[in-house]
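Naming follows writing order (A, B, C, D, E and F), and every chain is counted from residue 1.
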Amino acid sequence: MLRRIFPMPTHSLVLFIVWLLLNQSIAPGHLLLALIFALLIPILVGGMQAEQPHIRRPIKAVIYFLRVLVDIIVANIEVTVQLMRPVKYLQPAFVAIPLELTGDFPITVLASTISLTPGTLSAEVSEDKQWLYVHALHMKDETTLVREIKKRYEAPLLEIFGC
Amino acid sequence: MDHLPILPILIPMLAAVLMLLPPVANSLERQRVVAFIALLGLVGVTIELLIISLSGSIQIYQLGNWQAPYGIVLVVDRLAILMVLLTGVLALGALLYSTAGDDRGGVFFYPLFMLQVMGISGAFFTGDIFNLFVFFEVLLLASYALLIHAGGKQKTQASLHYLILNLIGSSLFLFALGILYGTLGTLNIADMALKVRELPEAEQQLARIGGLLLLIVFGLKSAMFPLHFWLTKTYSSASAPVAALFAIMTKVGIYSIWRIHTVVFGHHAGELANLIQPWLWPAAILTISAGTLGALASQSLRQLVSNLVIVSVGTMLSAVAINTVQATTAGLYYLIHSTLVTGALFLLADAIAEQRGKASDRFVRARRMTSSLPLGIAFAIGILSMTGLPPFSGFVGKVLVLQSSVGAAQMAWVWGAVLIASLMSVIAASRGGSTLFWRISSETNEKKIIAKPKLFAIYFLLSASPLLVIFGGQVSDFTSQAALQLYQLGVQPELLLPTTPSLGSPE
Amino acid sequence: MLEISLMIATAMVMVSLVLNVWRLFRGPDKPDRILALDTMYINSIALILLFGLFMGTAIYFEAALMIAMLGFVSTAALCKYLLRGDIIE
Amino acid sequence: MDLFLLLVLPLVGIVVPLLAKSCSRTLCAFLTAIAPVTALILLLTMSQDLLDGVVLSSSLSWIPAMGMDLSVRLDGLVFLFLILIFGIGALVILYARYYLSPDDSMGRFYCYFMMFMSAMVGVVASGNIIQMWFFWELTSISSFLLISFWSSRTDARKGARMALTVTGAGGLALLAGLLLVGQVVGSFDLETVLNSGDALRESGEYPFILVLVLLGAFTKSAQFPFHFWLPQAMAAPTPVSAYLHSATMVKAGIFLMARFYPVLSGTEMWFLIVSLTGLCTFLFGAYMALFKHDLKGLLAYSTISHLGLITLLFGLDTRLATVAAIFHVINHATFKASLFMAAGIIDHESGSRDMRQLNGLWKYMPYTATLAIIAAASMAGVPLLNGFLSKEMFFNETLDQGSLGSLSWVIPVLATLGGVFSVAYSTRFIHDVFFNGEPVNLPKTPHEPPRYMKLPVEILVGCCLLVGIVPGLVVAQLLNAASSASLLGPVPYYSLAIWHGFNLPLMMSFVAMAGGFFVYYNRRTLFHFQMQFPEPDSKVVFERWVQRAIKACRFGHAYIENGSLQRYIFLLLLATLAVTVTPLTALQQTSGLKPQLPMDAASVTAAILLVLSAVATVIWNRKRLVALLMLSVVGLIVSIAFARYSAPDLALTQLAVEVVTVILLMLALFFLPQQTPKESSPRRLVRDIGISALVGGVIGTVNYAMMTRPLETISDFFVANSKTGGGGTNVVNVILVDFRGFDTLGEITVLGIAAIAIYKLIVGMRLYMPSGDEYGRHWSTDTYPMVLAVISQILLPLALLVSVYIFLRGHNEPGGGFIAGLITGVALIQQYIANGVGWMKARVHINYQWMIGSGLLIAAFTGVGSWFFDKPFLTSWFDYFKWPWVGKFELASAMLFDLGVYLTVVGATMLILANLGTLTTSERPDERVLEDQ
Amino acid sequence: MPFWVELIGSILILLGGFFVLMGSIGLVKMPDFYMRLHTPTKATTLGMGAILIASMILVSVNQNGLSAHELLISIFLFITAPVTAMMMAKTGLHYHLKIHKGTLNRDLADIAKQRQPPNH
Amino acid sequence: MELIYAACVGLLTTCGIFLTLRGRTFPVVVGLTMLSYAVNLFLFSSGRLVVNKPAVLGQSETYADPLPQALVLTAIVIGFAMTAFAVILAMRARADLGNDHVDGQDFGTDQLADKDKEKSK
């Protein structure tokens, strides 16, 4: 029943929150409008969404999100330091990371995470979706980097999406 | 509450919108019917307005119930009514012609047709200068689209030139509006006229630039020399009903000069009085000359008619330049005549081209036309009118213009230009016409009689020409009343700023 | 204090924009220019937000949000153009 | 009313032959003739009054603005001309019945003929000079139709065109002259004009008036040097020649001189121009006529000569000369009409008009020959024939003037010389055709024509004889009345007696006779002499000149209008500069009194960036994508500038529009060359930079001058009434949807038109699709990058929510239907970019065309809605409501209007972009053929 | 406004400005496209984050109520920045852009461009 | 600041017009777009430059002139519609005429340049 009303519950929740954020108000009127749009818009755009795996472990997802946030801050400072030094101290590199994740959405999340955390940048996904090509700004050791990424980001994602 | 004034704008718009929606959208037949009903409605409403206007009153319609000069008003005076009525009649003729098959050349013909009519009506009725810009854009964009109707290289190329020139023109329009708002602080034409009179000296030159830029803009629309180059190609490549409807387009420019420059920058504008006249004189004469040159150089009927249009524009601009009630009377009469006859001639050129096979309307030997008699008579009427020879309407307009220029310093120029142009047009037209109708090749013709609606449309528009002579007294009387009213507005713009209660008033 | 830091930050953002434009002009390749433009979009958001803070108004928030949304679409379309020529296919 | 009947009858006659076309030829001719005959009878009923010098007139108001009344005015002069017009007209109708072959359309002929007759009646009977001109031009036009009656013949077409050109030109000059007359006199009424002779002669415009009016008269009457059209007009069927060139068309010019004689004559100028022109024409025509081998050619030149004679008489400017002129009008009309008819009979019955072939016809058609000989003798001025009388008066008048002082003898001598040649060519007409041996290779064996074909000739020749023998009985009264009408006063004493005793004029006649015979006898020597001056065919010469003029026009036209848009734009800019520079230089002080904003580093930097990017766009304009990127920066900075200067709505709109524009430009660029070729010469670049910089300079200066001047505007009203009257706090939005909602209605209409117009453009467009980029690099194979697709899908609902938010807040804060619509559009386009057309097509079932339609409909109906509250179109309504729990909220009709805006914008954006995108796919739009049902 | 709020705000703003500037410096300074790609996308996320948080704090205190809509911009940037970066990287690969000479595994660029698995 | 603003408007006009004088459709369209930026800025400034007084009631004491803003909004939208049509017409011209010259003819060089050359010969 809930599925019928909310074909995309996550979306609906996000929309509800975003509406309140946009209007900076939790007045009853806005709560009502938020509810209406949280209901209506998913129905409108429902057709325009490809089927994606659902988040199985929401708590883990939140933890993952916070970890990435911290990583962004920490690594950003690192990169800023690197930036200030002459370029010759940098060791850029291309790396191929084998993927265990499946599904477009999880891979996208992983790729985005890698890009958001400083020092690495997802460049391409192989056609078979088994490999993620990453460009690193300063790579000390290839295997460490690959392992780090797989452990720190891919593993939790595997859990979150349960695949 | 009397809502008549908004109808000539609303009717074509709603008709067009209906044509975009089912069930009308799906059938050409239904679109034709809707278009006819709409145009008949338009003409009917305008006649009603005309009858009301005979009492001498000017109807002012305050859109959104906002008092002028704050809101947009429609100013329905004799001049505006005359122009809209003319548009309606012309459009009826073009529409009639297009039902014989020209409407099948591409999608959205009728919606665009009606939207162009809407734009034209709006431009004629509005009393607000920015709203005038908006309606200019409506009618221009519709005309760009109609121009490419039925496709073909020539059309594409012509519309490219037409479009780009007009886009630059629109930019100049906005510059001018910026200057005028930036110095006068208002957009209502009547209010502008009042503000111009008390303009401090420091800002007069700015307003002058604004007014002169508007002359360029309107000059471009009306095909004034040296801004007329778009016309020949545009008119001669457009499909017949479109070209016929375009006959009113140049008049929009001339009308706007009357509306803006007579009322705002007219005799009573103090330092800025008659600011365009020094430029308009040579421009008008040169326009006539350029059109004459083009007429003699023409190699096809469409080109010839296009160039005769340029000549007629020059003649009307002379009337504008003379800038008296008498001249405006003459100019208006000439305008009515030239619009309807030009429209008919473009339709006729197409009908002739259709009958002559590969030779089309070019002045070369070709097979005999099957319907040469009715077309020949129509040709004679149309060409005599356009070249200003009796017994059809052209000579009345011409003589009126000549008479009104008596006493002006530039009289000799006007007379020389108009009369020589008339002679040259006669030479060009007699050569063209005798080739079209009399230089017959031995090639056998397909027995293809002209479609009835087409012939009817041609004669419908052409009938205006003798009627304008027969009822010349009444028509010139009306145009003189319209001119009088226009100049009256130049004297007392406050007539257009009624103080009827509105929702609020400025503190 | 806040005002001074806002001014300094604004100056930094303006310098950033100048650098972005430099990269945009310099290239050397089209992707570099797209990158520079994208960065300009983001830096403009910063500029508008700082301006809003400076003026003490939230009225420019939507402008910043719009740049964020539209800048993304624009950059994506430009990349697609370079990759595929045809951006809608 | 009877007077108008004279005008109306021939007009009705135009229709008769068209209706009677299917009747027998005789009946057709008979029915056609009813009108002129009736008119003639009607006229004769008035003869008593007219001969007594009474002026009959009647007028109706027609176009007062132009001074043109419908006015008929009859006096003796008009009476004379009307008799000629109706009388000879009726005879020609009869004659034409036999002349025209069964192949010729009789209905058409008579129709043109009656048209001409009506025009001619109008000219002479007008009581208003504008009306006179009206009919004057009609004679030119109808004669064009008559001359080109055999339209398939080149010479007929060319002759007709030439006649029209020359007489048309004269007509326009006449118009100018008559308008000046009206200007001086203050009325176009003929009566008034005729009574204003002194005023006219004394006015400063007199020289212009005289020259212009005479130009009209001379071109019409084929006076030298405008004579050349007349011989070419002989291509017309002979009845036409008989009518036009004896009694009517060419006499219109004479009529004009006779009519305006009292107001224009009596000056040195008149004498010089008119008499010299007449004299030249008289001599030239007479001389040339002798050498024409074509029978009609001879008659044509003889006509020119006689018209010259009449003109000369008017020019001599004595009252008696005028009487002589009018008398000769009558005589010339009768003998020349009969001669043309005779020539036509000869042509008709022998198949040739060449006098080198025609010989000895006396034997074959003695009766016709007799008639022709009498007429020709009259032309030569043989006594007992009417020609003799007027020629005698002519000689007398040439002797009677002294305006040339001691050189006055020249005129009678030259007149006699002209007489010599008149006799010579008349003799040739008689001798060379009817005698002079046997016919040479005639196509037909000549014989007498049908009985009634001769009748008109008989009548006319009878008139020649009657007038010649008993002038006092037949013509005196008429001549008297006509002369007094022309002179506008008493007619001087003159005698119409045949015998005046041996006097100088008689001597001159005798010399002319003898000389004529002598010249004719020695014609071969003269022909030989004349052969040395081969006369160019005026048709060819004229045509060549016209061709040359046309070629020159084509060249000039092609030179000015060379099809180059760049030139047209250049001229447009030049015109703009021309009108703006003068007032700008007159601007005393560029900066005004308004306090200016202080400069700040950030704004200056932004300005520098703007300048740099704009210049970069220009510099890199040939690398198109790069130019596009630079343009984006310009757009971005412009929107930031809007934000900076207190226009958040503008900033939002500008941003959204810019992104959509860039996408659009990219879509188009795919099909266009990626680079612009380098094709501007350095000179052109300098020119372009120059003019652009000038225009930019003007705009910049004006902008600065404007911004630094204080301004009071109407805007306080909007601020004051936005909340109370429009129900919103965002004044800009309230202006858009309420105060100036009508603009917005127009604006979304424009958007809707753009959408359907673009759809119209792309329907059926076939484009070359490049397989790789400009460097030959193949396109990436990753059509829809996965990450982009996923993220775009996620963002769609968010974007829609934002657009709803922007829409709803618009009335009170920056935003509104337009921006919301663009956000929705962009979000949808993003889906097309990321996921593809096919994917979207399977999932979205929106008809964008209907969306536009309903958007416009909603907006328009919101406006119409106010009618039900008896308020003008687009009057807004709003109110505040309070619901429990939800709280207070506002509802406004402006929101509905804005919804229309929103729908139109979304529909338009999508109709454009989505359809454009589909051009390269299997979902491409195709011409939907709407058929009639 | 309490001093500490102003202080935190100022620091965040300066930090934000600094990161934004660093990103743009990197854009100018880095020797190849891929290295340039790192700097702005990263620095701006953090720089923008700092400014947005500053804005949230300052506006909230100023208007005596939570101002959180700046979060939306952050969320938006966090979602889109990686995607645009990846699209640009793809474009760079497609264009065979010059790779800095010291880069390791340069051959991977070609393979990545063809979206094939690495051959080892 | 007004001086710099006006200078920018003038320069944008110059650049826009220069581009519209080019011989190919694409630069012309780019030029028209740039010209419309200049126009919008110009029209906007007819209400004079005001900092931080957007015409949203309740935000400040006095307000920037809202009317030019509304006009510019309309002008932007209309300009967009026109540009869109121009772009597509340029495409159509390429499709119909086979090249992207504004005169539909591939001259290779400007006619004027050609004529110059002829004269120099």
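Here is the rule we use: a residue touches a chain if its C-beta (ideal position, glycine included) is under 8 Å from a C-beta of that chain, and two chains touch if they have at least 3 such contacts.
Here's who's who by UniProt: A = Na+/H+ antiporter subunit E; B = Monovalent cation/H+ antiporter subunit D; C = K+/H+ antiporter subunit F; D = Monovalent cation/H+ antiporter subunit A; E = Na+/H+ antiporter subunit G; F = Na+/H+ antiporter subunit C.
Keep in mind that what you see is a predicted model, and the values were worked out from it rather than measured.
Trainee: What chains, if any, are shared contacts of chain B and chain D?
Mentor: The common neighbours are F.
Trainee: Would you mind naming the chains that touch chain A and likewise touch chain E?
Mentor: D
Trainee: Mind having a look at which chain is the central one, using mean CA positions?
Mentor: B
Trainee: Of the other chains, whose C-alpha centre is the longest way from the centre of chain B?
Mentor: Between chain B and every other chain, the largest centroid distance is to A.
Trainee: Could you work out how far the Cα centre of chain C sits from that of chain D, in whole Å?
Mentor: That gives a centre separation of 61 Å.
Trainee: On a C-alpha centroid basis, what's the spacing between chain C and chain E, in Å?
Mentor: Comparing mean C-alpha positions, chain E is 11 Å from chain C.
Trainee: Please work out the Cα centroid separation of chain B and chain C, and write it as a whole number of Å.
Mentor: 48
Trainee: Return the distance between the CA-based centres of chain A and chain D, expressed in whole Å.
Mentor: 75
Trainee: Residues of chain A touching 2+ other chains?
Mentor: 18, 22, 111-112, 122, 125, 127
Trainee: For chain D, give me the residues that contact two or more of the other chains.
Mentor: Residues 563, 565, 569, 573, 644, 648, 667, 669, 699, 703, 706-707, 711, 713-715, 718, 739-740, 743, 747, 750, 753-754, 757, 761, 780, 782, 785, 787-788, 791, 795, 798, 802, 813-814, 916.
Trainee: Hey, what residues on chain E touch two or more of the other chains?
Mentor: Chain E, residues with two or more chain partners: 25, 37, 67, 69, 72, 76, 79-83, 86-87, 90, 92, 94-95, 115.
Trainee: Can you name every pair of chains that touch?
Mentor: A-D, A-E, B-D, B-F, C-D, C-E, C-F, D-E, D-F
Trainee: Quick one: which bits of chain C touch chain D in the complex? Just the residue numbers, please.
Mentor: Per the touch definition, chain C meets chain D at residues 10-11, 14, 17-18, 21, 24-25, 27, 30, 33-34, 37, 40-41, 44, 47-48, 51, 59-60, 62-63, 65-67, 69-70, 72-74, 76-78, 80-89.
Trainee: For the complex, give me every residue of chain D touching chain F.
Mentor: So the residues of chain D touching chain F come out as 562-566, 569-570, 573, 591, 594, 596-600, 603-604, 607, 610-611, 614-615, 617-618, 621-622, 624, 627-628, 631, 634-635, 638, 641-642, 644-650, 653-654, 657, 660-661, 664-665, 667-669, 671-673, 676-677, 679-681, 683-684, 688-689, 691-693, 695-697, 699-701, 703-704, 706-708, 711, 713-715, 718-719, 722-723, 729-732, 735-736, 739-740, 743-744, 747-748, 750-751, 753-754, 757-758, 761-762, 765-768, 812-814, 818, 908, 912, 916.
Trainee: Where on chain D is chain C touching in the complex?
Mentor: Against chain C, chain D makes touches at 601-602, 605-606, 609, 612-613, 616, 625-626, 629-630, 632-633, 636, 639-640, 643-644, 648, 651-652, 655-656, 658-659, 662-663, 666-667, 669-670, 769-770, 772-773, 779-780, 782-783, 785, 788, 792, 795, 799, 802, 806, 813-815, 819, 823, 826, 829-830, 832-834, 836-837, 913-914, 916-918, 920-921.
Trainee: Under the stated contact criterion, what part of chain E meets chain A in this complex?
Mentor: 19, 22, 25-26, 29-32, 34-35, 37-39, 41-43, 45-46, 49, 65-69, 71-72, 78-79, 81-83, 85-86, 89-90, 92-93, 100, 102-106, 108-109, 111-113, 115-118
Trainee: Could you list, by residue number, the parts of chain E that touch chain C in their complex?
Mentor: The touching residues are 1, 6-7, 9-11, 13-14, 16-18, 20-21, 23-25, 27-28, 33, 36-37, 40, 44, 47-48, 51-52, 54-55, 58-59, 62-63, 67, 69-70, 72-73, 76-77, 80-81, 83-84, 87-88, 90-92, 94-95, 97.
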